[in-house]
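Next come two complexes, and both contain chain A; in the first it sits with chain B, in the second with chain C.
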Partner chain A sequence: MTDVAQLLHSRSFVELSARERAKGLLDAGSFRELLDPFERLMSPWLQAQGIVPQADDGVVIAKGTFDGQPLLVAAIEGVFQGGSMGEVGGAKIAGALELAVEDNRNGIPTAAVLLLETGGVRLQEANLGLAAIAEIQAAIVELRQFRPVIGLVAGAVGCFGGMSIAAGLCSRLIVTREARLGLNGPQVIEQEAGIEEYDSRDRPFIWGLTGGEQRYACGLADAFVADDLQQMRDALRAALAAGEPVQPRSRRHQQMLGLLGGLGENCPQLDAAQTRALYKGVLQ
Partner chain B sequence: MESLSFTFPAGAAAKRRALVGCVGSGDLEALLEPGEAGVLTVKVLTSVNGSGPRWEQLFQRLFSGQTWPALSIDIHDFGATPGVVRLRLEQGLEEVNHD
Partner chain C sequence: MSRGLQWIHALAQGPEVAGFPASVKVIDGELDNRPARFIAVVPDPHNPFPRARQGEVGVLEGWGLAKAVEQAIEADKGGQPRVLVAVVDVPSQAYGRREEALGIHQALAGAVDAYARARLAGHPLIGLLVGKAMSGAFLAHGYQAQRLIALDDPGVMVHAMGKTAAARITLRSVEELEALAAKVPPMAYDLANYASLGLLWERLPVAAIEQPGEADTASVREVLTRALRDIGDSRDLRSRLGASNRALSSQVRERLRAQW
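Right, the complex of A and B next:
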């Protein structure tokens, strides 16, 4: 029987804005935003290209506590420019992670959670966005030596491009059914591979291959959570407690390359079930 | 893209600032901050060209119905319809008046 009381009290996480997500995850009343929108630290590049900027450049940086422990939250707003990473937004995340490293060096055990809703680099800011993503990746690797860096992909944008590599570098990755994770987005793959091989409008097909449930089943994500704020907090608590894995996913590249190498040159296209079978036992 | 500014009479300065909305398709972001007593200024940065008269009429109608607190409003618009603009500004008004 459906638990009606629970259903009525459930609060969607996916429907929250980036700022509400950060507030919802942190302990009540502990949310403190760094470089808030009233500082108006906006992209200097968008306006010159005829695009309306956003006051926080689509990135919310918040410090607070989680179960009383210091936590940094970096939340990307997927609704603004597809969550794309530009110079300012990227630097906000990288700088915040570097400050968390400093905290740890000074005896404040700050962990981090990244709310990843992003198509990757902001094409209008090109190399500056890419440089920022590289800084984010370096800062994740540095911080996770002290305290866990948890990635959380809730949806509906998903996490793609250089930021999917950042997701792969996190200590632990949490996904929902709505989430997607992939290096290239569906339209890019369709354009390159052809519509017969990859139809970006075929939603069951796209989610079947890159959706959160599939990524979790393949071992590319560590937790699969329902779209519910309370369950999200529970998953975050579990991920922080589990900490950095003995062998991080990013150090298992030899196994991954072996897996891909084993497919051979003229491999037929695998479906979702075959992909799961392939990964089975490799990453779990 | 177009940059517009407007000034309207207002009451006493607002109590606090507020941020509403997001620069997403069909929506806008408005930053409302306490302004100089008696004056309400609005700056609009919009993706829709030639929309000056529409904003003018919308604000006339919105700000003449009741006395708004003195505010400095910054709008980043991504094609919001007049209905959405009105909803967002009324949401902002609720928030700046809230204790």
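Right, the complex of A and C next:
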């Protein structure tokens, strides 16, 4: 296909809603949503604070197949409350992953993909969000003992807070140029550490440090994909086929402690290029 | 001396295991006549990372915790898995530019991965809250535990974010945030409200939380022992479900199962 033809056939992934993303990734006609909006399982805590809840609490759980194999998709809707994790949405993801573990125990090789557009804990449900994230993390680690759990950060919200730790637990992680991945959101760092430490309005600085391209270059993500549904499916196929890494990123404490030890007794500030140079060969 | 450091030494009573960042304390002791590894994150004023000098969990601490737990998993393979006790006194994760550049989320994932796999491998895992248990720091150190025990003290606190930052992110004033926290249990900063969510296994009072004496140490070890026996052979986090203030977490799971 020529470049122009390719461009005409391209379908943006980032612009899709969580539900459309899940549908688009699964084999045609195989999408089946669990606890769909008509179930009306929504946050009781938002209502108590005068915030309009959403009938699916911003999380889409779908079962289906990918290349004929069973796949669970958990997709977070970044448009609703910044993709934040509350009690219901968090329990939907944790509960679905727990059932996928049971599937595997019963001989059904269900794998999972998590579409992560989230600021992390929903502060209006603070401790219930945090608890749910701990359970999501527990379930990711357990499911990985059977089948891969693939994380996908497409943008535009990015993946932050406790859910960035969840991304760090995935077997493999796919990112785009629009993605950002980091523990602390820029505003929170600026609030806690001051504007000299982190300027939340300096977008090139933030993308340079935490954007998908940088994370991929540092080995903190496994695939860097253009914003295109077909390419996203291809990347997912490759990630599922590659399976569990021989030495997962989350188990490289030895290399990482060695690397950090080399930064001296007073670690200087690091820019994007320095970080890339530092990580060359360590995490890849 | 920090609470975490006080309590780990009171409870474990042995030499610190060498080979860890100065902010990660590891002591091998026993609990209920079974080998037990006690782990704490403590302040290190000379921490190479300036944003992690007050006991925050940063990059060194995340990977250090991972090493402490992985070491136990490896050493006990094929034998009796030792008990793991996370002594929790963590004011927050480290908020800083160095940390984000280096991927602090991955360091914390290292700790979570190790704790979760230890639990799945049969290491009974207990979290003992002696100070703050905040946000990402708590996820990395304690929140994978099968039983959470909190010392009953106003300085023991579980939350997702400090008040000032939480107010800014949710576009509220600190006063508005406090007013809502008084009405909405999961938003509250006090232990009684946290306990109402069903996530704590037990709360116990102590006489001197800053400087534990013999009686306090004995009563905490007694509760740890009961927690260990209560864990038995289980390897999951199921005991956290069931509180009325967390009813939907159970309902969602039941209805998912019905539609699965």
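Just so we're on the same page, the second predicted complex is superposed on the first by the 279 of 284 C-alpha atoms of A that agree within 3 Å, B and C clash if a C-alpha of one lies under 4 Å from a C-alpha of the other, contacts with A are read in each partner's own complex, and residues count from 1 in each chain.
Criterion: a residue touches a chain if its C-beta (ideal position, glycine included) is under 8 Å from a C-beta of that chain, and two chains touch if they have at least 3 such contacts.
All figures in this text were calculated on a predicted structure; none of them were measured in a lab.
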{"item": "Room on chain A for both chain B and chain C (clash or fit)", "value": "fit"}
{"item": "Partner chain(s) touched by A:Gln54 [first = chain B, second = chain C, both, neither]", "value": "first"}
{"item": "A:Gln254 touches, of chain B and chain C: first, second, both or neither?", "value": "second"}
{"item": "Arrangement angle, chain B at one end, chain C at the other, chain A at the vertex (C-alpha, nearest 10°)", "value": "110"}
{"item": "Touched partner set for A:Phe80, first chain B, second chain C, both or neither", "value": "first"}
{"item": "Chain A residues touched by each partner, larger count belonging to chain B or chain C", "value": "C"}
{"item": "Partner chain in contact with A:Leu34 - chain B first, chain C second, else both or neither", "value": "second"}
{"item": "Touching partner for A:Ala242 - first (chain B), second (chain C), both, neither", "value": "neither"}
{"item": "Touching partner for A:Ala226 - first (chain B), second (chain C), both, neither", "value": "neither"}
{"item": "Nearest-approach distance, in Å, of chain C Cα atoms to those of chain B in the combined model", "value": "14"}
{"item": "Shared contact residues on chain A - chain B and chain C", "value": "none"}
{"item": "Chain B residues within the chain A interface of the complex", "value": "1, 17, 19, 22-25, 27, 29, 31, 33, 45-47, 74, 76-78"}
{"item": "Residue numbers on chain C that touch chain A, as the complex places them", "value": "21, 46, 48-51, 59-60, 63-64, 66-67, 70, 92-93, 95-110, 112-114, 116-117, 119-120, 135-136, 138-140, 143-144, 158-162, 164-166, 168-170, 180, 183-188, 194, 197, 199, 236-237, 240, 246, 248-249, 251-253, 255-257, 259-260"}
{"item": "Chain A residues within the chain B interface of the complex", "value": "17, 37-38, 40, 47, 50-55, 58, 77, 79-81"}
{"item": "Interfacial residue positions of chain A with respect to chain C in the complex", "value": "34-35, 39, 41, 44-45, 48-49, 61, 63, 87-88, 90-92, 94-96, 98-99, 120-121, 123-135, 137-138, 141-142, 145, 161-162, 164-169, 181-185, 187-189, 191-193, 197-198, 209-210, 215, 218, 220, 248-254, 256-257, 260, 263-267, 269-272, 274-275"}
